[in-house]
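This report concerns only the one structure given below.
Order of writing sets the chain letters: A, B and C. Residues in each chain are counted from 1.
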Amino acid sequence: MGMDFGAAPLIAFDVLDLLGAFAFGLSGALVAVRRDFDVVGIAVLACCTAFGGGLIRDVLIGDIPPVAFTDLRYLVTALVAALVVFLWHPPERVRRVPLTLVDAMGLGLYCVTGAVKAASFGLGPVPSALMGVTTAVGGGMLRDVLAGLQPSVLRRDSELYALPALVGAGAASLLFYTGAYNWWTGALAALGAIVLRLLAVRYHWSAPRALRRQGGES
Amino acid sequence: MGMDFGAAPLIAFDVLDLLGAFAFGLSGALVAVRRDFDVVGIAVLACCTAFGGGLIRDVLIGDIPPVAFTDLRYLVTALVAALVVFLWHPPERVRRVPLTLVDAMGLGLYCVTGAVKAASFGLGPVPSALMGVTTAVGGGMLRDVLAGLQPSVLRRDSELYALPALVGAGAASLLFYTGAYNWWTGALAALGAIVLRLLAVRYHWSAPRALRRQGGES
Amino acid sequence: MGMDFGAAPLIAFDVLDLLGAFAFGLSGALVAVRRDFDVVGIAVLACCTAFGGGLIRDVLIGDIPPVAFTDLRYLVTALVAALVVFLWHPPERVRRVPLTLVDAMGLGLYCVTGAVKAASFGLGPVPSALMGVTTAVGGGMLRDVLAGLQPSVLRRDSELYALPALVGAGAASLLFYTGAYNWWTGALAALGAIVLRLLAVRYHWSAPRALRRQGGES
């Protein structure tokens, strides 16, 4: 319904979107383990993180009921991610690295698929890019709020988070509107956002804080 | 609109759904009292808890505007629950018991009505069961996030919470799709979920946590 | 679509709604500065606060995709608010006053525009007033939850918050249904809610807490 793009982009959308669900499912499950939740909590947080961004996107563009509820591959994907983390998860001292990695993957994949789905539902280029960012940061926000953590997108020690999503979503929106969106270009846009995010983490790129007054009274 | 089930199940749905709103309204109000909110805060948290699950359900299945806004019985029900708790509420040392009780009631009732309403809007059996769980845990999640508490569904010391909802929602979905859903079977499914939840609390049933590595480094 | 009210109320709606977005954008940005977020965090929290209430309203009344995504004036308004706070923001010791002021403005403007938009989408007078309150408190709730603060509407030391919104939304709903809604009466209803909120803050008006039992054991 409203999906007016051809078969190849559709498959590209599907594969990337399920990969995004898997990556965010892992990230939700890893946060759940860090917070010492039980297996049910791990499954619930994996689902909330994997579906959060897509649910928000689907509600906002009017794709009701959302695919996460009707296409059971999403549920299976999130539960597999939860199971993987339940059975095997890195010890405390090295947990930050895989969490950062899968979270960046979810961010990069969802910013692209969010923008493309919004565009395919008729939103213009700029709204589609915005929707891509919303899809990308929504799942992680929900994960962090439910786990009682400050959302990644606002965390002070978390380097650039929203900007890589904006770059990826903008590129995806552009690709879609120039008819150049397919499996490869979509994956490339996602990869660009992921690499940008990981570079920001690696080199501690961060945005400036609000200008302070003299005397540091602020 | 979309409600293609007969009059008897419809009444069953209505009664159970309003009972769910009342139970979650009480639970929201009790949490508000525990957090020392004023009467407005009690009313707001009662409404958020009573309407949260149903709102999420209605938005996700496309019943817009949601019944909580158009059918004023829901508002009155939530406000009566708030008033009851405002006028009479158990002292601190015995407050945990009634809160657990009414929260289990809300959980059991909403998992059934959420699944049945989703099914009546055309969702398949598995998506309907998922929607029932979402309806059941949504209100309590919103209550806990707004009150600055860890959501029940993830809390470590809260024994099985999502699983009883899944059992009740699965049963309700099955009843609906076999044409056996009515006041009595619906109430029975809700009762099953409630009893399961209370047994889990009573006997401290809990799900396993993620497998740990040797040496407890995890 | 669905907007069946004339041109003058429409302009009134637009101006007041954008003013509300600006006020809540400022309030989100001020909270972000208080929490020491960087410029991206300031922009994100300004957008979440400015769009939160309107998004909830649009989703609940079925105006999909929400105006915040399709009408780019909202994005520009929120980003300008973020920029203003980024460049100039009051020092710590006087920050509470401007935050209270712009938050009250957002509250007053959104309760009116939320009620009017709901009414123009066909909701009855009481549901429209409820929707106005939801629009008014939604953005601030999202802001506070994301920033890890207790929502204003529930905070104990925050005097009446939901009641001024209810008064403003009720007045706006009444004005709409009596055909008396226009730029001036709408602005007056918003002003009434703002003044009521500020008086409550100034004179520490607060609602009673739950009745306590003898001995203060509660």
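Annotations
By definition in this document, a residue touches a chain if its C-beta (ideal position, glycine included) is under 8 Å from a C-beta of that chain, and two chains touch if they have at least 3 such contacts.
Given the structure is predicted, the values throughout are model-derived calculations rather than measurements.
Under the stated contact rule, the graph of chain-to-chain touches is complete, every pair of chains being in contact.
Note on chain A versus chain B: their Cα superposition corresponds to a rotation of 120 degrees, in steps of 5. Shared numbers divided by all numbers used gives the overlap of an interface; between chain A and chain C this overlap falls below half, so the copies present different residues. If each chain is reduced to the centroid of its CA atoms, chain A and chain C end up 28 Å from each other. In chain C, the residues touching two or more other chains are 59, 145. Residues of chain B touching chain A in their complex: 59-62, 118, 121, 123-124, 126-127, 130-131, 137, 141, 145, 150-151, 153-154, 156, 160-163, 206-211, 213, 217-218.
Put simply, chain B touches chain C in their complex at residues 32-33, 35-45, 55, 59, 64-66, 69-70, 72, 75, 85-89, 91-93, 145-148.
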